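Look at the two complexes coming up: chain A is in both, with chain B in one and chain C in the other.
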Partner chain A sequence: MSALLKKDWFGLGLVLIFGSILISLFKPAFISPFNLYVLMLSVSLMLVVAMSQMIIIAIGQMNLSVGAIGGLVAISFTGLMEVYSMSIFPAVLIGLLIGLACGFINGYITVKTGISAFIITLATLYIFKGMNLGITEAQPFYEIPEAVKFFGNAKIFGPIPYLVIIPIIITVLMWILMNRTSLGRYMLAYGNNVQSSELIGISSTKIVIYAHVISGLLAAIGGMLVVCRLQLGTPNIGDSWLLPSFAAPVIGGAILAGGKVDVIATAFGVILVSIISQALVIFKIDPFFVQIFLGFMILLAVFINRYREYREERRTKVFSDE
Partner chain B sequence: MKKFIIFLTSFFALLASPVFAGGHGVTKVALVPGGPHPYFAAWEQAGLDAVEDFGLGKADYRVPAEWDLSQQNELIESLVGQGYNAVLVFPGDAVGTNKILGELDDAGIPTAALAGCVEQPTQAKFCFGTDTGHSAYLGTKELIKALGGKGKIAHFTGFLVDPNTTLRINAVEQAVSEAGGGVEIIQVIADIDAYEPADEKINAFMAAQGSEVDGIVTTAWVPAVVAAQALTNMGDKRIKMVGIDHDEVVLKAIKDGYVHGTMLQNPYGQGYIGSYVMDKVRQGCEFKADAPWKSTAQTDQFIDSGTVFVDISDVDTYVMAMRGISLEILETFDSTYLNCPS
Partner chain C sequence: MNNKIPNFVKTNQFGLLILVIVFICIFSFSTDGFTSRFNIYALSRVVALDIMIGLAMMVVILTGGLNLSLGALGVSAAMFGGWCMESMGIPISITIILVLAFGSFLGWINGFVTVRTGVHSFIVTLATMSIYFGFMTLLTEAEAFRKLPEAFTDFGSLKLFNKYISPLLIISVLTCFVLYYIFKYTDIGRKLIAAGANPDAAELSGISVDRMFIYCHMLSGFLAALAGIMLTARIGAAIPSMAGHLGFDWLLPAFLAPVLGGTLLSGGKVTVFGTMLGAILVTLINNGLYLIDVGEFWVRFFLGIILLGAVLLDRAREYFTVKNSIVS
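On to the complex of A and B.
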């Protein structure tokens, strides 16, 4: 139990369980199969986006271009299928390559110029978004193959959508990366202290580029998943990602200065934000007050989690004093 | 300071241009939306048609890279520098856009607000767009008719910071209040002008209250698309929906029977007639003192560009319907609004 209490995700897990029970007591529709299906869809999409930002936070940087990469890949993916009649798998492959290239550009320029990733990704945000608008002229692509639509909207069984498969695989892989591989540990070490990590032989260039490449790839996957869900490739995809991409990792206990992220807690952060958003709809909150409620609910969840950490720290301190 | 220098350069470049050398010269209209959005795409063809039909020098559609007032202002300044001598603009900001409109007016360049108005006092000659409140009112009336005068409805709309959103919410409430108590608004969901949050919230609503709701009215582009898609995905033809605008997803859902109809706006007519009027103003026409302007929350010099309800019976011919409205407005525009030198 003591080990569990130390985990970042534990407090969030409790908030999620009690919160869900509370909501379903007042609104039984919350646990209806259709609502669970909608919730899983929403979580699936944002999970990938949050992971894309989380890995950059791990190295103490920020990626403002996550949404722009996702949007560029989304319209490229759909454009290739509609305009060039390309089949799905080559289009997916090219989408991934675009994401990888965008991530590489972010990482390479950041490393080689020594300029903050915040500035670099702010610039590339405009470049990627500009390319998106240049290609589409703000017009959506509509001709999506039936298989793509099916993947975005069909269910495996019960309320579980197919769309959840890829985000779950990504979350597992990210957990392995951050907790069981030297690359993941090097990233955290780099994020914690750049000078110290370099002194023990960790290559800054590799770490930063790898992190941005993974981030770009995940943003690309996020963009294509949104296309599957929406059944159209619109240039607006990704426009609303920036704040949620930071919110979930931070709610999950990530330190923006780097060196500390928790994959499971980030996933719980995504679920929490989605549940709160849904609850505001289910409880028919006045639209002019929705954002106030959302803000307060997120603050409450973070305070509960922080209180748990504080209690744990105090207990540890008492034991060590004794 | 930088903007001032750009403006001065643009201003003198314009004065030196052949446009000014020969009196009124040919009219070159710039059609500038607030940012990228499919709604404005029809302005491009409208401008081209206006050039052909009215003998304008140019009528070009230029889109700012993003929804940002300063980017829009810089684009307008650049276009003026390139010789455009009339500007039709969707205001990047209902108040903030007035500054550049005033500067253009000082330079003798007529302007008008298109598809959205600027707050008075303004140097814009007029505002030509959809009467958003009226459109929402008519759409809700159509929905109530489809519901047989009773039922529970939901309203999905756009940005809360857009003053039109409040007008739309009020208009839907007014239409419902006139239904004799048989219709109830069970929920208003707003601020869903991006696809992902719209998808999340509209589907959450469907999951929680889909069985209770009888009708949906949407008064913004993205919510209309997402709600039409949601009903199509659910295979639900029980819930009646009246959307807005002409996105392919909405039109297809009407044809497939998942959406009852949509309130079309008239972006083509806005661009086409707006370009024509700019040319007239440059030729010396002035607006009549007793012109029958309409009033909105922002201006009392408003002209409604028209709105029409389209359902399955006329969804294939909606373009003709909108062109018909445009021609109707155009036919009487001079006699209704303008005093022109003989």
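On to the complex of A and C.
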């Protein structure tokens, strides 16, 4: 039990449960099937985006180009199907390849030059977004195959949409990667301390490139899922991903200096953000408040994490005095 | 004296100066209208703002941090100024003082939270960015202030020096000199740099690093608010979307100018005139790309490539200077 209490996701889980009960007591519409359906859709999309950022946070870097990769893949995916009348499967494959290539570029340049990933991904953000706008000239693609539209909007049963399948698989895979594979543990070691991880024989090049490639792939999947959901490929897909992509991992207790991320807590962070956004809509609060709220949530999470660290430090100090 | 010349040649600023001259030559020979009075005047209005934004980012980079809320902060301050002048009828001079104080206050919030939580300023300013911008949109209901006093908007469209230069550019250049003086010759300026360069050493030598970091964020807020006022004067109205969604349009010039100018992202080094040259280069390239007619949608792509190229070049320059110094 006490081990459970120490987990990052435990407190968040409690907040989620009590928060949901409280909201549904005030507004029963909150647990209506339609609302749950909308909630699950937004959670599904943001989950993938948050994981894409989380893996870069794990190695102690940042990826500003997550949204730009998602947008570029989204318009390539729809463009291939509309302009070149390609079938769905090869279009998805090329979309993934583009995401992989973008991630590889980010990782390769970062690790080979030693320049901070922040600057590199800021530059590639403009490059990918510029390609997106250059190709589309800011015009959306509307011709989407029926199967794609179906996947984005149909329900398996009850309020559960098909769209949740892929994000759930990704979350499970990410959990396995971060907790049960040597690659994931190496990433955390690298994020924790670059020098010592190199001294024990971990290849920086490999770790950084792998992390960025996975991030690129996840951003690509996120972009294509948004296409399924919206039933069109607009060039501005991904523009609003930056804040939520950092919000969820940070609320989930990730340390931005690297070396510590929690997949379950990140997922809970995504759900929490979605529930709050949803609740604000149900209570008919101005949508601009959602943004302000998200900002305050990040600050609050930052303060709580700081407080927990502080308490931890004090406890260890007391023991060492004895 | 003789030793000083090669030293200057080795610096980043010199490389930038050469690049600026090269680009001016390229654009004036290859395009019509680059050297026209209208284009130079337009350039001077744009470059004035880019310099100011670059400086606002530079003073936070000095601490080894970043200020993502720059655009949101600047626009919020500008909207506050618009409200003061239009709705409250406060005179221009007092409004400007209020706006600058307001900008410094928002910067203080950034600095205070960063210092108190010990979290990287990236995440703090990411949060405050959406808070500032959200509040601003909420309070203004996304409506612009268009009936500003004429004396204020006239200043923005004033033409000096045979109608070549905007007075906004003079404000920016003056700001550069003031900042240069502060960082070079004043006690507080040296303390700011020391705190950024090596916080532990600075702390041990009796400098309150936390306070210095908060000052840097306040200065950044001050400069961003000044940029906001200048943009308002230039457009002739205070518009919530004038720096794009969440103020993102300001971010690329904000990072490009100091990074091109040779400011270290790890903190502890400022190059005021490098930032100025960086801003000039960015504006030149931006303007030139439009004149060459690469298509407005590709401009962003090329700016990204240029940022990447610039940091790679800088890296190479560093590498070779280190190599040379080892050999000699």
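By definition in this document, the second predicted complex is superposed on the first by the 285 of 322 C-alpha atoms of A that agree within 3 Å, B and C clash if a C-alpha of one lies under 4 Å from a C-alpha of the other, contacts with A are read in each partner's own complex, and residues count from 1 in each chain.
Going forward, a contact is a pair of C-beta atoms (placed from the backbone, for glycine too) under 8 Å apart; a residue touches a chain by one contact, two chains touch by 3 or more.
Every value quoted in this text rests on a predicted model; they were computed, and no experiment measured them.
A.B. asks: Scan A:I119 for contacts with chain B and chain C and give back first, second, both or neither.
C.D. replies: Second partner only, chain C.
A.B. asks: So, does A:N35 touch the first partner chain B, the second partner chain C, both, or neither?
C.D. replies: Touch status of A:N35: first partner only.
A.B. asks: Applying the document's definition of touch, where does A:F288 land relative to chain B and chain C: first, second, both, or neither?
C.D. replies: Touch status of A:F288: both partners.
A.B. asks: Name the contact category of A:S274: first (chain B only), second (chain C only), both, or neither.
C.D. replies: In the superposition, A:S274 contacts chain B only.
A.B. asks: Which partner does A:T234 contact after superposing on A: first (chain B), second (chain C), both, neither?
C.D. replies: First partner only.
A.B. asks: Mind working out whether A:N153 is in touch with chain B, chain C, both or neither, as first, second, both or neither?
C.D. replies: In the superposition, A:N153 contacts chain B only.
A.B. asks: Identify the partner contact of A:E137: answer first if only chain B is touched, second if only chain C is, both if each is, neither if none is.
C.D. replies: Both partners, chain B and chain C.
A.B. asks: Which of the two partners, first being chain B and second being chain C, lies in contact with A:S197: first, second, both, or neither?
C.D. replies: Touch partners of A:S197: none, neither chain B nor chain C.
A.B. asks: For A:K129 in the superposed arrangement: first (chain B), second (chain C), both or neither?
C.D. replies: In the superposition, A:K129 touches chain B and chain C alike.
A.B. asks: What part of chain A is shared between its chain B contacts and its chain C contacts?
C.D. replies: 126, 129-130, 133, 137-138, 239-240, 286, 288, 290-291
A.B. asks: Quick one: in the complex, what on chain A touches chain B?
C.D. replies: Residue list for chain A touching chain B: 27, 29-30, 32, 34-35, 37-39, 41-42, 45, 126, 129-130, 133, 137-140, 142, 153, 226, 229-232, 234-237, 239-241, 274, 277-278, 281-282, 284, 286-288, 290-291.
A.B. asks: Under the stated contact criterion, what part of chain C meets chain A in this complex?
C.D. replies: Against chain A, the touching part of chain C is residues 66, 113, 116-120, 122-124, 126-131, 133-135, 137-138, 245-246, 251-252, 255, 259, 265, 295, 297-305, 307-308, 311-312, 315.
A.B. asks: Tell me, which parts of chain A touch chain C in their complex?
C.D. replies: Listed in rising order, the residues are 62, 109, 113-116, 118-120, 122-131, 133-134, 137-138, 239-240, 242-243, 246, 250, 256-257, 286, 288-292, 294-296, 298-299, 302-303, 305-306.
A.B. asks: What does chain B use to touch chain A in their complex?
C.D. replies: Those in contact with chain A are residues 36-38, 40-41, 63, 65-66, 157, 160, 186-191, 194-197, 199-201, 203-210, 222, 225-226, 229, 233, 247-249.
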